[in-house]
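Going by the order they are written in, the chains are A, B, C, D and E; count residues from 1 in each one.
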Amino acid sequence: MSARHFVKYTFIKMEPAWRRLDAAEREQDKRELMAACEDFADGHLLQSLSLVGTRGDAELLLIAEAENLERIHELHVVLAQSGLMRWASTPYSFLGMRKSSEYSEDERGAPRAFEGKYVFVYPFVKSREWYALPAEQRWRIMQQHIEVGREYPGVDNHTTYSFGLDDQEFVVAFDTDDVGTFLDLVQRLRTTEASRYTVRDTPSFTCIRMSLTRALNALDGEPIGVVSEPLTAA
Amino acid sequence: MSARHFVKYTFIKMEPAWRRLDAAEREQDKRELMAACEDFADGHLLQSLSLVGTRGDAELLLIAEAENLERIHELHVVLAQSGLMRWASTPYSFLGMRKSSEYSEDERGAPRAFEGKYVFVYPFVKSREWYALPAEQRWRIMQQHIEVGREYPGVDNHTTYSFGLDDQEFVVAFDTDDVGTFLDLVQRLRTTEASRYTVRDTPSFTCIRMSLTRALNALDGEPIGVVSEPLTAA
Amino acid sequence: MSARHFVKYTFIKMEPAWRRLDAAEREQDKRELMAACEDFADGHLLQSLSLVGTRGDAELLLIAEAENLERIHELHVVLAQSGLMRWASTPYSFLGMRKSSEYSEDERGAPRAFEGKYVFVYPFVKSREWYALPAEQRWRIMQQHIEVGREYPGVDNHTTYSFGLDDQEFVVAFDTDDVGTFLDLVQRLRTTEASRYTVRDTPSFTCIRMSLTRALNALDGEPIGVVSEPLTAA
Amino acid sequence: MSARHFVKYTFIKMEPAWRRLDAAEREQDKRELMAACEDFADGHLLQSLSLVGTRGDAELLLIAEAENLERIHELHVVLAQSGLMRWASTPYSFLGMRKSSEYSEDERGAPRAFEGKYVFVYPFVKSREWYALPAEQRWRIMQQHIEVGREYPGVDNHTTYSFGLDDQEFVVAFDTDDVGTFLDLVQRLRTTEASRYTVRDTPSFTCIRMSLTRALNALDGEPIGVVSEPLTAA
Amino acid sequence: MSARHFVKYTFIKMEPAWRRLDAAEREQDKRELMAACEDFADGHLLQSLSLVGTRGDAELLLIAEAENLERIHELHVVLAQSGLMRWASTPYSFLGMRKSSEYSEDERGAPRAFEGKYVFVYPFVKSREWYALPAEQRWRIMQQHIEVGREYPGVDNHTTYSFGLDDQEFVVAFDTDDVGTFLDLVQRLRTTEASRYTVRDTPSFTCIRMSLTRALNALDGEPIGVVSEPLTAA
């Protein structure tokens, strides 16, 4: 029997001052972070996503999966040693663990990469009233919820568990190639009975999956050509 | 059939330290942001608004519309490369998508610019009790709400949808030329039945629509002549 | 018919680093802010108050009144150009508009200066249950509230409206020469029926009205003579 | 008849950067703050307490008492002029006023110093349901509360009033020589009827009363001898 | 009879700027913190844990136990003198006191070290409805809660009390060698009756117990070898 894996969501934001360094220094900083990630990715699942344009409070998301906390710890020790993290903050961080749902036959213990172009992530907490319901009633309510989800087959669920490990109960994550369909699904789910037991489902992150190289290059760059007219003439 | 568009609200605030740079450097920083915007505006809707004087926590609002998230992402990559964003933060950010309302015949999918002198924006969340009501009851309640709105024809609604994409359910936006009428409308709407299902409608931003040149020049400048009497004599 | 006026509350706090600049530079910074204010005050109501000693998160309050948002905007553009704002933040900002109350015969549309030595300000939001009450019941409840206020004639109300313009519904403001009487009034009002419908009435600011020169000089200065005994001897 | 006095709680935290200055500069900064305090303490009650070790967000508490707001204002003007406040923030600030309780015969108007070794402070807000109860019922409930307090005679109450003056209704403060007894009292009071009407009683500060010299010297100092083994050998 | 002991949880986070100092300076900073800890640990319980990888807002946790507040204060005075704290913040701080539970026969007054590989910590507040229940009912409800806990013998409880001393009522802490079992226990406890009376149980910290040397070395280091391909070629 294999152990349940940990999935770590680490959100990174650069200090504006980093963008004031010269290009060679920034290039070196990014290559050091890249080296730290490549070292971990040799044997572990590590995915990179960009939030540039979708959020104002985070720019890069790394999602790392490992068989124990020590390996997650080591990855972040090495990340912190990279030049990039000397100019970055970690505004959000979610620690989850794979676990099969009591409401579904689906096996959720195995490592599984995100494959859609877009990933949606939010921390999730249910009310204590929910947990006070009889197990059969919770089962029935969740079946309705799951059936609505099945009507949107292009949206795939990657939820992990955080009870006692982090501030939320679940790290809910979905991937899809079609943002509009995901929006329609979430709006539709508002009317299910399960929805009434939600206490917290924010912040809610829209992430664009891309190579780490591309996600890192989205953090900085040189300005494009400037306008010809001086502003003070306006 | 054309795709539903994304509408992105990006709020910008300068670090006070930026105002301590010399005028030529600030001019260059603003021209670089302007170039980034002009590049995007060639083919996309991009509007600029100033919050100088109406808020303490944001100074400039850019509202960008595009057919997919990649184009929104690219705009913000290029914005981040401008000198201005090396001294700025993004205190608020709202991502919405156009979608027709289930409570109205109005077509809301098409790109549409703000035309009023003033734009009011706030993130909006309704209670789960609202979504638990039967669809017909929600329809009836919203008709009353819409009818009140019709009594104030000078106020135009530009709401977009954020379910699952961002922390709010809707990005509510109105434009008008008459601030007092808008205030009266909002106060009047407090007494409608729909109002009881509001969970969140803040922060609420009053924005002044103006050219990007003017909005950028509102961020800095040289001090006007000083008083003749020394303060210490007072 | 004259237009309803805007009243803007702008709270300012200096970065501690500003106090490390030399005295001449700080004097120049204050004179530039003073010049910006004098320019506006020539034709508009502008009042200055100090929060040094009453709050930890704000030091100076400017209350500006103008006939339109553009004039409020321009004032803050010029304020931002002053040296002082290059070392300051704006931790709070309230935008209100004059409007007569539906519960009182008093005319509230005309510009009116604070005259008491002390001014108390807080953003105010009522519950949606309040707005769901019949208008006559709200009238009756407010009459009781107003009658209690009349028992404290030394306290004068300067409330303005913010529905849809800012995060609160009202900017409540009182002035008086007698702080203890104001405290007694507020405690007494807790037992009125109207009080039960309050959702938010904080932060609550105690402000000391004074000339801008005096309020600016309260922001900095040179240390007084030091103790003779070295601390390390203690 | 003497006027009711103001009691001001000012919490101070040093920027970490201050600890990087050389020792002579820090000594001078502390002596300037000391001089500002001595000036006020000549004729007014001023007490100093340390939070080093009990909180992470505040290090020094000054409790000042004066007959009017102007004197409190002046103290803070002079404090801000000291070198120490050029490297400090004021994370918390509570303004209260002495007033006798409607539920007790005890005279609370007179200035009174803390005498216990430990002082516990928190801002306190009661629910609007509390204020809606008939006065006799509130009296009865408070008598039970007061009787429980009397069983712990080593704990002394120094509560002041903040209605309308600050964000809380009361600044609750106790002093004692015995922390464990105070903890037992607070836990015991949770089961009284009065406790059900509490809306807010945090943040809750444990403060150690000591001379200003000692409290200031607790803010900095030179490191003690280092370990002999290099860390990298571990 | 020995006095009840204090247990202090101090969470530390380095400023990113610290990682930009040269290696010798960082080594010296860490050795000074180490010396401060060794001094205290000679006669007192002091444990070190790392949060690198499990949280984004804290990196190092020190848990110190002492017989009085003065000794806790002195430890933190000396910590603040170390080079490390000149570049660090204390984002969280919990002060607790040992006390036997009214719901258990277990003796909880004696100092006791964490022994599991992982420690889970969160501040805990129960609702006032809980405290309004008759003591016998609370006893009965807690017995069910305790029985569930006994089914997970590998998880050990180290809860201390904070009533009136800090913002929470309890500092709840568990240690275990098996993270998955702890997660399962916490999820299982959601369905107990006791769970319905929880008001606050976040933030929730997952901590890895390790030597102070190892925990300090996890804070910084030199970057590993960089990738060969320049990023700009991607």
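Methods note: a residue touches a chain if its C-beta (ideal position, glycine included) is under 8 Å from a C-beta of that chain, and two chains touch if they have at least 3 such contacts.
Values in this document were obtained by computation on a predicted structure and should not be read as measured data.
*Asks:* Since subunit B and subunit D are copies of the same chain sequence, what is the angle of the rotation superposing the Cα atoms of one on the other, rounded to the nearest 5°?
*Replies:* My answer is 145 degrees for the C-alpha fit.
*Asks:* Copies subunit A and subunit B touch; is their interface built from the same residue numbers (over half shared) or different ones?
*Replies:* At the contact between subunit A and subunit B, which are copies of one sequence, the residues are largely different (under half shared).
*Asks:* Nearest whole angstrom, what separates the Cα centre of subunit A from the Cα centre of subunit E?
*Replies:* 26
*Asks:* What is the distance, in whole Å, between the centres of subunit A and subunit C, each centre taken as the mean of its C-alpha atoms?
*Replies:* Averaging C-alpha atoms per chain gives centres 42 Å apart.
*Asks:* Counting only residues that touch at least 2 other chains, which ones in subunit C make the list?
*Replies:* none
*Asks:* Quick one: label the inter-chain contact graph as line, ring, star, complete or other.
*Replies:* ring
*Asks:* What does subunit E use to touch subunit D in their complex?
*Replies:* Touch list, subunit E to subunit D: 3-4, 6, 8, 10-11, 15, 27-28, 30-32, 34-36, 38-39, 69-70, 72-78, 80-83, 85-93, 95, 97, 99, 128-129, 131-132, 135, 161-167, 169, 211, 213-214, 216-217.
*Asks:* If we count contacts the way the header does, which residues on subunit E are in touch with subunit A in the complex?
*Replies:* Interface residues on subunit E, with respect to subunit A: 16-17, 19-20, 50, 52-57, 118, 120, 174, 179-180, 182-187, 190-191, 193, 195-196, 198, 202-204, 206, 208, 218-227, 230-232, 234.
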